[in-house]
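In what follows, structures are represented as structure tokens.
Each of the next two complexes has subunit A plus one other chain: subunit B in the first, subunit C in the second.
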Partner chain A sequence: MSSATATVGRQVTLMRAFLRYGIEQQTAYRAAYWAHLWNTAVKVFAFVVVWRTLYAVAPDQFPVSRSQMVAYGVVAAITSEVLDWWKGPHYYIAYRVQLGTITGDLLRPISFPFQLFAIWTGESAAALLLVGVPAFGGAAVVLGGAVAPAGVLAGLLAVLSFVVSFAMLFCCSFLVGLVVLKTLNLLGVMHLYHGVLTLLSGFWIPLWFFPAPLRLLADVLPFRGIFFTPLSIYVGELTGTRLELALLHQVVWLGLLILAVRWAWAVMRRRLVVQGG
Partner chain B sequence: MALIEVRELSKAFRVRRPGSGARAKVARMFHPAYETRQAVDGVSFDIDGGEIVGYLGANGAGKSTTVKCLAGILVPDGGTVRVAGLDPVRERIRLARRIGVVFGQKTALWWDLPVAETFTLLRAIYEVPPDRYRTTLDTLTELLGLADLLHIPVRQLSLGQRVRADLAAAFLHGPDVLFLDEPTIGLDAMVKSNVRRFIKDIRTASGVTVLLTTHDLADLEQLCDRLVIIDRGRVLFAGSVEETLHRFAPYVRVMVEFAEDIAGSVRVPQARATATADGRHLTLEVPRGDGAAAAVTSYLLDRFPVRDLRLTDPSIEDVVRVLYEGASGAPDEPAHV
Partner chain C sequence: MGAGTATRRAAGHYWLFLKMGIRSQTVYSFDSALLLVAVVFLNVVDLSLLGVILSRFSNLGGWTLWEVVLLYSLYLAALGVQNLFTLHLNLIDTYVRDGTLDQMLVRPVSPLVQMLGKEFHYRNLIHHLGTGLVGIVLAADRLGLTWTPGRLAILVLSILGGSAVLTGIVLGLSSLAFWTVESQVFGYGTLQLQEVVQHYPAHIFGTWFVRLVTFVLPFAFLNYYPVLALVGRAQQAGHPFLAYASPLAGVLAVAAGALVWRAGLRRYQSTGS
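Showing the complex of A and B:
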């Protein structure tokens, strides 16, 4: 029991340290911070304009109301900026491998995947505080109640679902990062991964609009759990049994992905090559 | 039992061989050809607790690769390694708490983090108790002169400042073993001597064991109790610094430039000429100790119109070359131009 408390205490200390790291990282370059905030605002604006326009053209094509669709777009734009998923753990691994500074990470007394997870959690939490909250506040001021979740429960479940989605995204990016260790080249794999994620996660286009075969594929694969599931819960489109199944889909995939991460790291570790003397 | 035990360690890298010529290069994209490069080839040595051991060899000899295997960063192909009784591969995380590692050429710190923030993060990662952390940090700040650097992000540090921060970071958790891979590379004389003093002091104070790679003979002379010399992945020689220098580099170099051409007229007792570019320049090897260098210098200054005279230590490259060629290097005949 007390050892469990000690372990939890240790994780809390670590996470707090990495949160500070994230805040340092987010504020290290002043211009980059303001650009990040500005990008987020532009993206939110673009999503809102696009969905409003499409809604005006063909309202009967949407399974949700206009304000639900706006909320979907706003939260999608903000969360994706907060997660910075195109520069996630895979990017970090590639960067550190290419410079050879990956040695620094391997010297620490924590498992490598967990360390990356802690770093990324710290960065994302800092981005949530420094970019996500102001951006959402701004959107709420401009758009009013349209950006609010469908209800208190929907909001809470969406947060829960986002937590799972965060871990899923980490695992996927980590696995992509390991491909870099093998090929020592990120760009090709990265473009493919980003394409797949943009399309199949529902971050840009909700899966409602997919043609049947593509929808089937997207439903089975893990990626919809990353944006589509939490966002659909947030706007209240997913409820009842469908919601439970969607959460189950997320959790099962997360379990599989964690196993995959462990296995892949155990294998790749033996082949790790450190560039440079 | 030795604190570090290395037996028949070997590690090869598989590298893609690019074709020569554009066509072959494109073809290799489809059918890659590989070759293996044996970086470490059956290395064995022991290091006892509290020793400072210099690990040296020419560029590409396999020093850094060995260090990476000992630190658990690379997985060896063969042989066994024990550091503080632990297997670096299977017990990497436990080992990480007991070792500190510095690679002079690249930092193990986080680029955008101020030095102080880096230390705070390391404290959390290594779970250093707060009071011990304070005293260690104070000592390190003092010994390495870090007080003015603490608020600066790592990316803005100069090389010498960064190496000092790296050294402090490697020692913050009180490791039993330090692996230092060229910690003095590219540092100015002042910082070099600070770093050396730091290593010496920290060893005296904490009894830490140090494995040090370097190309600087002065590092070895001032710091190391013992040397292990490798070449092309194999151990060539292991022994004390005195033994090594005595055997393989028992001389000091005297480089003289004369004010006028004095071809054919110089004879210097106790010295051996190694290189004579022309009638104005002369390089002599003079035996170490017994005041031979002083005797030769004053001999030259007394008898010849000397414009410039410099004394240098033989470099580690010389030692390695001598070792590799198996030459004895003892001065035999007097030098003359």
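Showing the complex of A and C:
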């Protein structure tokens, strides 16, 4: 019992250390932080204006109300900036392999995927606190109640769904990182990854506007679980059985992705060739 | 006569530096191919999603689907030309820090000419420019625009002017490195603004926004105004002249960028690295 407590205690200490590291990473360059906040604000502004403009053209095309669509746009813009998939685990892997310092990561007595997960959690938590919260606060001041979730339950379920989506995004990025390890090409792979997420995750255009074949593809693949599912829950578009099925889709895909990460890492670490130094 | 010789010599030097830049990039062909596929894919995704939206809603701020495709593609084309010649201007802060700029200063050639000609990013030839041109041709066809000599001239001059606008902005912002050491963050800070101008007709965001991207950070000259000229709706610009003003805006932007560069260079003391 006490050893289990000690293990948990050690994990908490580790997470705290990585969280601190993440906050330091986010704030090391103050100018970069302000630029990030500014970019987020511009993105929120653009999403809101575009959805309002389109809503004025044809409200009947939307399965949700005008203020629900505004809420979708605001939260989509902010979460897609907080969960940054340009500088995620895959970027870290490529960078550390190039430098050769990945050997140091591998020597540590905790698994490499867990280290990356902890670092990324720290960075994302810091981004959430330093960019997400102020951006959302600003939007709430300007737009008022329109940015609120559909209800308390919808809000809580959306948070839960975002936690799952966070883990899903980590797994996807980690797998992309292993592809980078194999091809030693970061930029091309990252652009492809960004394209797939833009198309299928629903952070820009919600999937309910998709034509049938594309919708089917997006529904089956895991990526809609990263933004579309939590966002649809947040605005109250997903309820009842559809909501349960969407959460199930997320959890099943997360399970598969975790298995994929474990398997791919087990294979890859045996074949890893460290380049530089 | 003396000025002519100097210009010819500068042009000769520019060419020499370009050739060296090309040679330094001929390795890594797999990387280039993959990046090309990826960038084209990313643009196709963006255009498809805009298509998904605009096929549902007849217009965005009065602009139809293919006008928005033209808007997006013109931005890509101008970005493509800028990337070809001056992508490396983003790295001025790195050159200041690592002493590359010092090397340029000891050579008997204008540092600005050396900086502009430092590299030629031919790998970006098809990425943006190619995709953009395909989009322009497609959109023009769907919009029923015929390529009269006049329209073709507007297109070419707008793309060149737009790429000059971008070069001027990047040169100006990157040259802030002479004061702040780090300057890539300024370019990063305009990223979302550029995304917005590339994807949506600027006027839907309000008059103040159009003024911002016309007079302060004139990204609208890359695509918004040229589209108005190409589809024959110049009167919808704040002033009809603006629709044709991309080349002039390009000259002004580069001049402004060069002023910042020169002011920075005058106060420059090597970082010593």
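Quick note on the criterion: the second predicted complex is superposed on the first by the 275 of 277 C-alpha atoms of A that agree within 3 Å, B and C clash if a C-alpha of one lies under 4 Å from a C-alpha of the other, contacts with A are read in each partner's own complex, and residues count from 1 in each chain.
Just so it is clear, a residue touches a chain if its C-beta (ideal position, glycine included) is under 8 Å from a C-beta of that chain, and two chains touch if they have at least 3 such contacts.
Keep in mind that what you see is a predicted model, and the values were worked out from it rather than measured.
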For subunit A, which side has the bigger count of touched residues, subunit B or subunit C? C
Which of subunit B and subunit C A:V159 touches, first, second, both or neither: neither
By the touch definition at the top of the document, which applies to A:L199: first (subunit B), second (subunit C), both, or neither? second
Based on the superposed arrangement, let me know which partner A:G188 touches: subunit B (first), subunit C (second), both, or neither? second
Quick one: classify A:L272 as touching subunit B (first), subunit C (second), both or neither. first
Contact-wise, after the overlay, does A:W38 reach subunit B, subunit C, both or neither (first, second, both, neither)? second
Under the contact definition given at the top, report the residues of subunit A touching subunit B in one complex and subunit C in the other. 29
Partner subunit B, residues of subunit A touching it in the complex: 10, 13-14, 16-18, 20-21, 24-25, 28-29, 99-101, 103-104, 106-111, 269-270, 272-274, 276-277
Residue positions on subunit A within touch of subunit C in the complex are 29, 31-32, 34-35, 38-40, 42-43, 45-46, 49-50, 53-54, 57-58, 61, 183, 185, 187-192, 194-196, 198-199, 204-205, 209-211, 214
Provide the residue numbers of subunit C that touch subunit A in the complex, in ascending order. 30-31, 34-39, 41-42, 44-46, 48-49, 52-53, 56-61, 180, 182, 185-186, 188-189, 191-193, 195-196, 200, 204-205
Quick one: which bits of subunit B touch subunit A in the complex? Just the residue numbers, please. 13, 64, 68, 71-75, 92-94, 96-97, 99, 101, 103, 105-110, 112-114, 117, 120-121, 123-127, 153
